[in-house]
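Next, two complexes with subunit A in common: one pairs it with subunit B, the other with subunit C.
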Partner chain A sequence: MRSKKPAAAVAAAVCGSLALAACGGGGPSSGGGKLSNDKVVLGLLNDQSGVYKDLSGPNAKIAIQMAIDDYKAKYGAKAVAKTIEIVTADHQNKPDIANTKAQEMYDRQNADVILDVPTSSAALAVASQAKAKKKLFIDVTAGTTKLTGSACNKYTYAWAYDTAMLAKGTGTTVVKKGGKSWSIVYPDYAFGQDMQKSFTKAVTDAGGTVQQNIPTPFPNDNFATFITKAASTNPKVIGIMAAGGDLINFVKQYNQAGMQSKAQLAVGLMFITDIHSLGVDQFAGTSFTDPWYWNLDAKNRAWADKFQAKTNTRPSFAHAGNYSAAMNYLEAVQAAGTDASEAVIKALDGKKINDIFLRNGEVRSDHRVIHDVYLAKVKSKNQVKEPWDYEQIVETIPAADAFEPVSPDCHM
Partner chain B sequence: MTHPLKDTSDTSEASDTPEASGSEADIGTALLRPGRRNALRWIMLAVGLVAALVLPELVYPPVAMDIAAWALFAISVDLLLGYTGLLSFGHAAFWGSSAYVTGLIAIHWGLPFPVAILGGMLFAMAIAVPIGYLSVRRTGIYFAMVTLAFAQMIYFIANQFSGLTGGENGLQSIPKSFFGVESVETDSFYFYYAAIGLILLGVWAAWRIIHSPFGRVLVAIRDNPARARALGYDVDRYKIIVFVLSAGLAGLAGGVFAISHGFASLEELNWTTSGKVVLITVLGGIGTLWGGPVGAAIVVMLEDRLASSGFEGTGIILGSIFVVIVLLFRHGIWGTATDLLQRTMAGRRDQGD
Partner chain C sequence: MSAFVQYTLQGLAAGGFYALAALGLAVIFGVLGVVNFSHGACYMLGAVAAAVLLDVVGMHFWVALVVVPILLFVVGVLMERLLVRWLLRLDPLYNFLLTFGLSLILVDVVKRRYGVSGLPYERPAGLDGQLHIGALGLSTYQVFACLFSFLICGLVWLLLTRTRVGMIVRASTEDAERTRALGINVGRWVTPVFGFGIALAGLAGVMAAPFRAITADMGSNFVIILFAVVVIGGLGSILGAVVAGFLVGLVEAYGQAYAPAFAQVVIFVLMAGVVLFRPAGLFGREETA
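Right, the complex of A and B next:
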């Protein structure tokens, strides 16, 4: 409340008009024509210092820059967006910081779209800001189905994945491949409970049975009793819905208990960066659904090579997803001839997309982007031929089957 | 003036130094004559008011609102830590539970936000009664641990009742309804001026508490609980009352924060929030009242700037600053500043008289 006092009065007079001018802007700043502020500004809001730093983090900016370069190369002199800028902020996975930074990006840095935003609570906060400011938000890394459910709005897109898709992908496909009896271990909080429900539905719909649902405390570091309990009914598959540090603890103890040979392990939510940080050995043989894999085919690999040349690492799905989201946003600006939100939304809605990230992609009416996803099995150590060569794609799940239908909770 | 933190650690020994009792609540005005001391207090209050009113002109309004909310939150902690000698490490419980209750009232009943915040504040005070009753029997580190334990309990309760609280997704889309005034409901600049009144009311309440006879008793309890008890004061009752009042102020701040952001998340109840507010209070200077706002301005602005700077280690910077302040300026930023002021004024009076 108190600021440095002598300067206050002078500074107030100087900044007053500035602040007022900037605060007035809420709606689209340009009416019919061309670009607001004569440029397109892409906002990247993600975790640049915490647990999701490797998943998207600072390298997502490089992926977005690649999209800008490709867009400029493609359209050259005909490009509608001649000047394209990226602004970034580190939300540290805190929803309040994400909320303030999103407002600042839209209001003061003139961002036309915000990209990425891991952590569900932060993404939901940004979605409500997008709605209030009437600017676009394309989420890549947060997995909550609420973004296209009860919290859906006209300005928010979910580009890559959600928890229901993970359940459907892994649950259904593993059952089809013979893993009919399941025990599900889940952390007892909203994310875990949602995943448990989605997986149970997917498994039973596919003709399998869930023998046991075992809640665990969260966070937790000793899973021994839960593993013993899960194994007591001799299921073919044990599903684990924990994420992050808890997942790593669980998998370690699962292996120590010698469970690898007794039951197949299916993981609800896992990223390639988790495999990389814990070592491929720990996860060998586990199944999970991946929205994108860098070594799927020659096309992905070529893009991954370009990415590696700039970052010295292989891309995660989040990097490719950010590239794709930025590229398609710019394509939509090109098609609309302006960066005015309503026109860009019109150009994006219903669009069918095939690019390095989306295969058989389509922007659905609820702004859920559906596309082919992949059931992956983690390779064992002797199958790994090069760095980041961790996944064996067992099956491609077609776009139409991968995602849940439009939620009745979504009213735009 | 001895350091309040030190006092909490050896309250049991009840050091019987003559200057310990009856020491001034306001460090900066200790040596002034009563008339001038009073005038200075009012000037401080006026300066604080002006600063609060020009703040959104100087910084981005949502950030200004954060500073104001954290300032009041820090003051509520200072009331306990600086003026009563109780280090609460669980104040997130009151800030966070008020944020949730405020949000629930605003969402489900659509009441104007000041009413919703009032509801949140009353809820915070209500849960502070049993928590305070059980924790004030301990002092020092034990008090800190007991309050932390209660705060963690509330954190897990909020996490479990995800149907009501949204679990780790948080309670989203809290409306800013304000009697249909659209500029306040949609523009953060005007919202600031609509909400700052509540914060100022809270600061004024803290100021009144500190400068009342009740506040004097608190300082006496802080400096020498045995003597306060010997003088006939019911020490535990005083502590419970100030604990509940402090929780109310924290709840008021938390409610404003929730409305300003439009959501309440588990982060608000997390122990890191309790830690952050203690950091802000110590950074600004404990037992100074104005230290909280100064600390809040520094920490919130720094977090905001660092988030956009591209620097990948916000925590390292904040931690280093904290270490430097604690090592070099033991009275915090505001405490050190007023110490200096007091010394120069005392020097000038010696020459003048």
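Right, the complex of A and C next:
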């Protein structure tokens, strides 16, 4: 406990009289009383059992633990957060469960921040809880633009990507490379409709045309008819906006129909776990935008090696994103000397970040984190040199071009 | 016109899956009076087994078409011997609940062992690409799926009509009590028939493996459509299951092509229509319904 004394002194200076009052109430054993409950609690709320389990799921906890270890190793005795806990919950991709779990995490488990939260509707529920409880939420895996648009708030950050970025990345770049005519196939629910709109805008803005928009039921396992329809106008590119199992169904049937030679396939949202589960030869040649790739450079690779040593698998961008979000949250606590939300927000806002996940990253005023993203092409089987070596980075899209400008709908 | 022919083929190919699996469901219901809700899970097990066998021992698709149904037959025999048998005397609802619970367990076991994002399956050589007949380009796999399910349905039909076993199965499907009264040991056939029904679901699963996502959940939607098929055809009617299987495949394909927003609804509208006007299904008889 002695070792906490210098840190307490530093923190007292930083957080001023407000924190001093809290320190006084902490009692002799509490040491750094500038932390609520004497500890920092990171809440991981995601899909632990369903369709997004492999993509982030339980391994995201390991990524966050890696961030905690790195933080402690970096600051040692000077660390503001001496005790850091992770609490996890499974939201089953349902907004109502996400809502209750978030409430529970903030109120009863004393979570200072909630991380990850795949599925847009679930993330939006957590964002409104964050606003009500005045605690932080850093979204990594949900892609809705609403988090930094009409539903934006002071306590919510979007760390990795959104649908507009995917559309801008893939739509614009593919059109520029000659894929001017598109047919877009999308699942007929909120995410699919959102993606279809974003892609149509990106393709048209870049000078391309969208010949057909084809809605499909969700979920669906038979796409044969839709593929025939999409191909009927002879487009150069067929864009598919489905995710997870539906995406795999579509791609298998696309290849089976011999479409690979007729039109280029562009996928709206794809995770490396999708490529892994379907087998690289099924996806060969497919274009998509990736916020992060483990084998991009030595820096990413070194982190991916550490991750693999603990999990036996290569990280998806969601794993790296959760690491980065947790690490930067802890850094902000360190800088602020407290885990009080307002102070942490102050430390995070406008911060320029370069870490294993973010390149040329910046926390924008609307709390969207912008950074370089990558247009990737799936390698063909004979180009693959090792397990999980699936992506060839075609182009780096600079942070400034990758994301939409600050939305006029966002009022904090 | 060419598009219409393609939609028709796509419908028949999809219908083949439904017909094969529904056939198994109908045979089981006919002989045991069990509504097997785990049929979708068994379809999933067939696909997963094909993927695992390919991965571990390099078993080719064509070999899996034979081996996996045999494995699923064993699974079916075990299910019947260890579980289903004990509830046969009770209200059929008990076995419905049992098989429903069983399917939840099977799905979760597969999820635990193989994850949720699915298993890879290499495309079998020879089924890729297209067959060109005149100006028409037809998917080789769809033509295969179509012909193969016709063939299997035909073989099952021969088995049921031309063999003694088939005669007994049909007789007990029609009226188990009366068959028993004729001195035929129906009980002897209960276990193999259950295994056979499960094997058919497994066969449909293997056929799906190369061209559908192999995930633990793949049977969950499938089984719902399957029940629509069986209700349309008439519960327990073997011919009904096959005809309704192909019919539902066609309706789905035309729906997707010409009224995509209603593609899934049309199947259930068809089902509702059949139930309203012919409650026993297209080929069912009133007293079995």
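In the analysis below, the second predicted complex is superposed on the first by the 379 of 412 C-alpha atoms of A that agree within 3 Å, B and C clash if a C-alpha of one lies under 4 Å from a C-alpha of the other, contacts with A are read in each partner's own complex, and residues count from 1 in each chain.
Operating definition for what follows: a residue touches a chain if its C-beta (ideal position, glycine included) is under 8 Å from a C-beta of that chain, and two chains touch if they have at least 3 such contacts.
All values derive from a computational prediction rather than experimental measurement.
Using the contact criterion defined above for the overlaid structures, shared-chain residue A:Lys53 touches subunit B and also reaches subunit C. When the two complexes are overlaid on their common chain A, residue A:Asp274 makes contact with subunit C while staying clear of subunit B. Looking at the shared chain after the overlay, A:Ala132 reaches subunit B, while subunit C stays out of its contact range. Look at A:Ala326: by the touch rule set out above, it reaches neither subunit B nor subunit C. After overlaying the two complexes on the shared chain, residue contacts for A:Val185 are found with neither subunit B nor subunit C.
Using the contact criterion defined above for the overlaid structures, shared-chain residue A:Gln103 touches subunit B, although it does not reach subunit C.
When both complexes are overlaid on chain A, the residue A:His91 reaches subunit B alone and has no touch with subunit C.
Comparing the two complexes, residues 49, 53, 188 of subunit A contact subunit B in one case and subunit C in the other. For subunit A in complex with subunit C, the touching residues are 49-55, 188, 214-217, 219-222, 224-226, 228-229, 232, 244-246, 248-249, 252-253, 255-258, 273-274, 276-279, 281-282. By the touch criterion stated above, subunit C contacts subunit A in their complex at residues 3, 6-7, 10-11, 13-14, 111, 115-123, 127-130, 137, 139, 141-142, 210-213, 215, 217-218, 221-222, 252-253, 256-257, 260-261, 263-264. Looking at the complex, you find that subunit A touches subunit B at residues 1-3, 5, 8-9, 11-12, 15-16, 19-20, 23-24, 26, 48-49, 53, 58, 87-92, 94-97, 99-101, 103-104, 108, 120-121, 124-125, 128, 132, 144, 146, 151, 188-191, 193, 218. Remark: subunit B residues 47-48, 50-52, 54-58, 60-63, 66-68, 71, 159-160, 162, 166-170, 172-173, 186-189, 199, 203, 257, 261-263, 265-267, 290, 293-294, 296-297, 303-304, 306-308, 310, 312-315 touch subunit A in the complex.
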